[in-house]
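The two complexes that follow have chain A in common; it is paired with chain B in the first and with chain C in the second.
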Partner chain A sequence: MTETMPLLDVRDLTVEFATRRGVVKAIEHVDISVGKGETLAIVGESGSGKSVTSFAVMRILDRAGRIAQGAIQFTSIDVATASEDEMRDLRGREISMIFQNPRAALNPIRKVGRQIEDVLLEHVQAEPGNVKEKAIEILRKVRIARPEERYHAYPFELSGGMCQRIVIALALACRPQLLIADEPTTGLDVTTQKTVMELIVELTREQGMSTILITHDLGLAATYCSRVVVMEKGRVVETAKSDTIFKAPSHAYTRKLMRATPRPGVTLRDLLPEGEATPVLAPQPVDTTTPFLVVENLVKEYPRQGVTKTMAQFFKREPATDSQAFRAVDGISFSLARGSSLGLVGESGCGKSTTSMMINRLTDTTSGSIMFDGEDIAEIPAKQFAKLPLRRRIQMVFQDPTDSLNPRFTAARAIADPILRLGDLDGKDAVRARCEELARLVGLPLEFLDRFPHQLSGGQKARVGIARAIALNPELVILDEPTAALDVSVQAVVLNLLQDLKAALGMSYLFVSHDLEVVRLLCDHVIVMRNGRIVEEGATSRVLNAPEAEYTRELLSAIPHPPV
Partner chain B sequence: MLTMILKRLLLAIPSLIGVVIVTFLLTRALPGDPAAYFAGPAADKAAIEQIRVKLGFDKPLIVQFFDYVGDLARGDLGNSLTTGQPVAAEIRARLPASAELTLLGLIVSVLIAVPLGIMAATRPGSWIDHFCRVLTTAGVSLPVFFTGLILVYVFYYQLGWSPAPLGRIDVFATTPPSVTGFYLIDSIIARDFGMFRASFNQLILPAMTLAIFSLAPIARMTRASMLAVLSSDFVRTARASGLKPSTVIVTYAFRNAMLPVVTTLGMVFSFLLGANVLVEKVFAWPGIGSFAVEALISSDFAPVQGFVLTMAVMYVALNLLIDVFYGIIDPRVRMEG
Partner chain C sequence: MRDITVTGVRPVTGLLATLQHTRYVLAENPVTAFAFGLFVLIVVTAIFGPHLVPIDPLQSDTAQALKPPSARHWFGTDQLGRDIFSRVIVATRLDFGIAIASVALVFAMGGLAGVAAGFFGGWTDRIVGRISDTIMAFPLFVLAMGIVAALGNTVTNIVIATAIVNFPLYARVARSEANVRREAGFVQAARLSGNGEFRILLTQILPNIMPIMVVQMSLTMGYAILNAAGLSFIGLGVRPPQAEWGIMVAEGAAFIVSGEWWIALFPGLALMIAVFCFNLLGDGLRDIVDPQRRT
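So, the complex of A and B:
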């Protein structure tokens, strides 16, 4: 043999799942190899089989799944046929894994230090006498400040980024040869994502480990990996070096993914597959001179919750003082013109969602005013607002397209819901006709109107959510991360749809997002928030191309970009 | 932790006040005239009226209520009309009998149901899963007097292994000096192991009867909650870290799955404590359930009030105990305190 043997060699792998509708092949004929010290990315959208591939490598597939065909060779071990005891030795010591959603990946009722000790003791990397010191040493290695103290922490006492460091500590505790990171930073803020990824890269390089990074984010794959495998519907469609694959993608699917990724220097229409873009609609003429929504000095405080407060209220003791209350939104002011779109960006906990909930009148304000078309709606209690005619004029598209639909309502019933509650249409036929009109407007095929949410794809559910929001011809639509749960190619379509609807119907958007690239494409103005305050605001092109605030620069530089 | 317990105790006060009011009103609303019952079938109107005045029933309801509350404050639950004995003394004597029976039944039930539930959850669809389903369904669908009678028939009449089902201890034996009121514990304190054997033999059949009945909720809850936890992300992490299946199942899955099981346990215990009248009847057990039912039938309101109040206090105490236990298992609950 002239070629050095790869650390992991997956050949012709097919994994099947037994389901109620018969056997489903999750991945078919997958070939992947990882050399010693190499970093490989597996990129694909949901359902592409990238996670199943990694579970098969560790043989931790669900009960219903099985390796139907193919070989997985790790060093000299044949994973597909090894005994369960051999596999257990391998897991955690030779191959380990970092999961998505770090908080859920940790045992919620066991001290994080003890969880690391469990792994160390299992693989005889420490004696009961020195295991605590070793665990603390590992915590220090993943840059956890005050590791002696954090050893005793429970996962719920730590932030998301901190939890991910613990998961990394668990994975690297026994110095494995191969690390599989399955969407390790999905759900984390961009700045946290950057520090976590840099930590992984540094630690794996230090120990000469190989890494497989599973991600949907092309930018992340390009920034941190040397080779990229693109998967689509359970098959590998392209494998290439990361510096060439993005410049010269050879497979049509890779090209489509590349195009759909929001990045500087493109327009919304550029995200769509070649030849599918329709001409840009001219916006409806609206009066843009008078401000339409004026928010002034908006404050939201949350008192400390819990038994203490209940008791205090019960015995009529003095109410919680101001110093005890938490200010989620700390005096922000801005205005929005008719027909324009404003992006509200920031990291988790910055108060952007609270702000949108107050403007949407789902949450009461602590102080400040919200002038909507000349009327201060901040004074109307959130409980009463739903009954007022004003409710028709402000509508919302929610973050999770699945969770925001009633699972027992058909798409038509979901869209009709606001019409039946607030609308003035009479008769079943009129409502149905309006639903069909809305479905056409959002590009939802009419035959899907009688389906239930679980029978619709993510993009279709997003369309139902949008159709519901625009059913009453609102003037202001608040969009809370409407595409965060969608694949990039679907996101591209939905963003274009939102853009077209705005132009056609003359609506205004308040767009809440953590994704600066999406805001860049959709919004005219942007507000960057941090700790409940506005850090920077202005025209999107100005703020994102020539940021003035240090924090905005930090956010922008943390976004990984595929090389163009 | 201590502050949490104190706070929970404080929060229990309003519910106890509510219970006092409701039981008082309920017993007054019961059909039947206690004065007429007490006077006997031969009594004339004047005699009944005399008794009514003696019992204080002629006073307005509100005055009666404050009399009752005043007595309560002195620890006086009133006297039983049928036996003439103070209710407090009666309950003190009978509660340990019921509690001992229910506790042992529950312990036996947990020892069988929890391992069964875990095994069923780790091997869904296997023979043990089906066995668990059949056993629990059978246990919950057979009425307790039926299982009780079957057990008596087999183990006393046919096999002769257990003594006659006639109360807590052989009629000719003396009871152990009362410390806790639980014969098993009292006999150990008195170092009388013959007595321990004797009372255990009396206890085991009724306890088994209760155990068979209460298997179902505990086993099913253990299974369901284990299944949910076993498919969670952190169990996958534990498996991916190569931990032993026993560590994964016990340390990672079971401790998390225990939370709903503990809640179920509390509910089953409080339910059984009062509701095992039938078992007490079958085994001539001098418990609190049969006492309350007899009092209810004879419109004897004081024991009924005493019983409901005792149950309410027990229930509050039990809930507190569960909360404390929850806090021990789950650090997140501790934080809220």
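So, the complex of A and C:
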């Protein structure tokens, strides 16, 4: 890459936000340059300022934010001082942006083809006469099958990956010189992520564009970008070629990020920063002779149509057909031994969450049995289960630590809730003492117990959720992607915590995840699901190292790995 | 570990935090501060009004009838020689009381019905929805008139009528707010903790939609006052000689043509200021509870 004339040159950029507690510097003295045809990754955890940087380049900071210092030079235009008219011309035509949630970026009541036409006409890239052909040509370019048909589709008729391709089509419609992709594949399945990223890279090369990929995923950055910028707390800590940065990371923070990223050939303890790992606990001896959890032929069906359709059928006197039910879980069977952990893996819509919701008795089953310690709990309606003594024994940690805490309850109140309802502790002091004991167990400083969720960080909220789940000493804990919303370094700590708690308390885990690398670290056995059925199951090391099913191989190969 | 809070400032909790936030919003938003001041004034007037007025509001003095505003009678006197200033002040308690009572009643009925409809769905939802639709099928003021006429001409029935016509507003807001939280993670977590559905409704859902409901209450206060005054204006509910803004406007209306404008104007102004104050306050409260507006 020639350093003579970069396409985008950011020098000493500082962005400030005016908040009620005074001015906060979101990014400080950031230097980034992107050459022509280069793909650059900006990597960092939440709050590192990576998105703010891209917003500053597009000059779409919200009202409270302003560029306090520094220069942004795009070709010959000075973005920091350009007029709003010039900027409007620049956005879309010269610099395009792709956001995280493709559905939110599309107009839900306008056909996708029309939305592409709007952009083409707006930036005078087509005449009203030929705009439709151009739009279809662009759809074909982003690998949308049957583009003539899909031209007439509405966003809700398309899958998440397809929507993101439409968004890419919108971004590339005017052949911009620079594409900024802000977490373009977060929330997409790993195989979809692979096709979307490959598409972006290929189009970048074809059109001679430059791309900035903003991501929290080091593996993704390393696989698809030539150069990587690592940001921490609003500052650039390291800039290097992607093939060297992982072999010889020079900054301590990069090393920490590298360590925390789950990858083959490491143990959970290896994810923690050097010197912070404690010895692995020996697991509690448990009785493994009796079957603990045995699931047989579990089925969940959802009716496809609503009341109106049923009424219409009633009046037409047509018999209802079986095919009208949608089988989210289609007859799966597995067993889980006491004290072990089982991973339930699959892409979105495979039925793994429905399965976990049926086992923890929040959702009724259609048929099949769930034998929990010799008792068929599938027969107990979900509505009644909440008040049974059995409830104590099966608990759950939720995916989104923010969503799963009542915003009006303090951390202590949230942890105490199951104790108050189902526990046998009497008196305020006893409950409080138990909360403090649990907080110590999950590593939550005691002074945080009286805070509300919005005053806690993501990792702290995750700890509160875990403390609540283990408050009643459950035997089975269902973990529904407990780290999906967390930064990798926090994820590393939480995963280790879960491992230690399992060993110390003799619990069994059912771990639901889309991330095979995380499952590899935490689970003894793994089940791979697709379309409500089990594709493959077995010991984790066997399934992940020598997969038998084609689908498992596909999943594994789609995971981007940093070169080691 | 990133176990630091974003602000870096030690978070304050409880009452102090709420006070600080309220002060911040009031300082940022002088209009809300003004409305808040007005609200305090109305409350003080409603509580202490009868003890503050210089002249008995019911005392008539035909020698002083229909006198324009003067140093003795600030707002003038009406056709019976009663002091309009005293009557306007004293009426605050009645009008404000009717509004508070009806808003509290409709909050209890509509709010709870709406929360239940949104949370349980199914038949509960259908029944509450159809009740709302039925009420909304009538012109609201005519419905209120009908209710008071049917139930009997008393202040209590004005309160009930005002509550009933406001029912759909509360039910709908509460329903939609409860509905989005129905499958929220913390509700599922509460089920796992062994809470029954009804307890979840009361301890998890209701506290979370309270802020929105308080805004709704403030916004409908103005309407409740207008409704009560409107009913009195056409001769329903409050009866003369009791001081009430609606009746006073009605009594004064006949004299405007002959030039005695003050009889209708001052109670009308009081009504306007009260409604204005509640509407401004409602907007301000919405800013306080809406986290999107917090920076």
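Here is the rule we use: the second predicted complex is superposed on the first by the 547 of 564 C-alpha atoms of A that agree within 3 Å, B and C clash if a C-alpha of one lies under 4 Å from a C-alpha of the other, contacts with A are read in each partner's own complex, and residues count from 1 in each chain.
Following the convention adopted for this analysis, contacts are C-beta pairs under 8 Å (C-beta built on N, C-alpha and C of every residue); 3 or more make two chains touch, one makes a residue touch a chain.
Computed from a prediction, not measured in an experiment: that's the story for all the values here.
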item: First, second, both or neither for A:487, with chain B first and chain C second; value: second
item: Touching partner for A:156 - first (chain B), second (chain C), both, neither; value: first
item: Most chain A residues touched (candidates chain B, chain C); value: C
item: Contacts of A:346 with chain B and chain C, given as first, second, both or neither; value: neither
item: Touched partner set for A:118, first chain B, second chain C, both or neither; value: first
item: Contacts of A:60 with chain B and chain C, given as first, second, both or neither; value: first
item: Contacts of A:450 with chain B and chain C, given as first, second, both or neither; value: second
item: Which superposed partner A:19 touches (first chain B, second chain C, both, neither); value: second
item: First, second, both or neither for A:49, with chain B first and chain C second; value: neither
item: Set intersection of chain A contacts, chain C complex versus chain B complex; value: none
item: Footprint of chain B on chain A - complex, ascending; value: 58, 60, 63, 87-93, 96-97, 99, 101, 104-110, 118-119, 122-123, 154, 156-157, 167, 170-171, 306-307, 311
item: Interfacial residue positions of chain B with respect to chain A in the complex; value: 4, 7, 10-11, 124, 232-234, 236-244, 247, 251-252, 255-256, 329-332, 335-337
item: Contacting residues of chain C [partner chain A, same complex]; value: 1-7, 9, 11, 13, 24, 184-186, 188-197, 204, 207-208, 295
item: Footprint of chain C on chain A - complex, ascending; value: 18-21, 45, 47, 64, 360, 362, 383, 386-387, 391-392, 395-396, 398-400, 403-410, 414, 417-418, 421-422, 445, 450-452, 455-460, 465, 468-469, 487, 489-490, 493
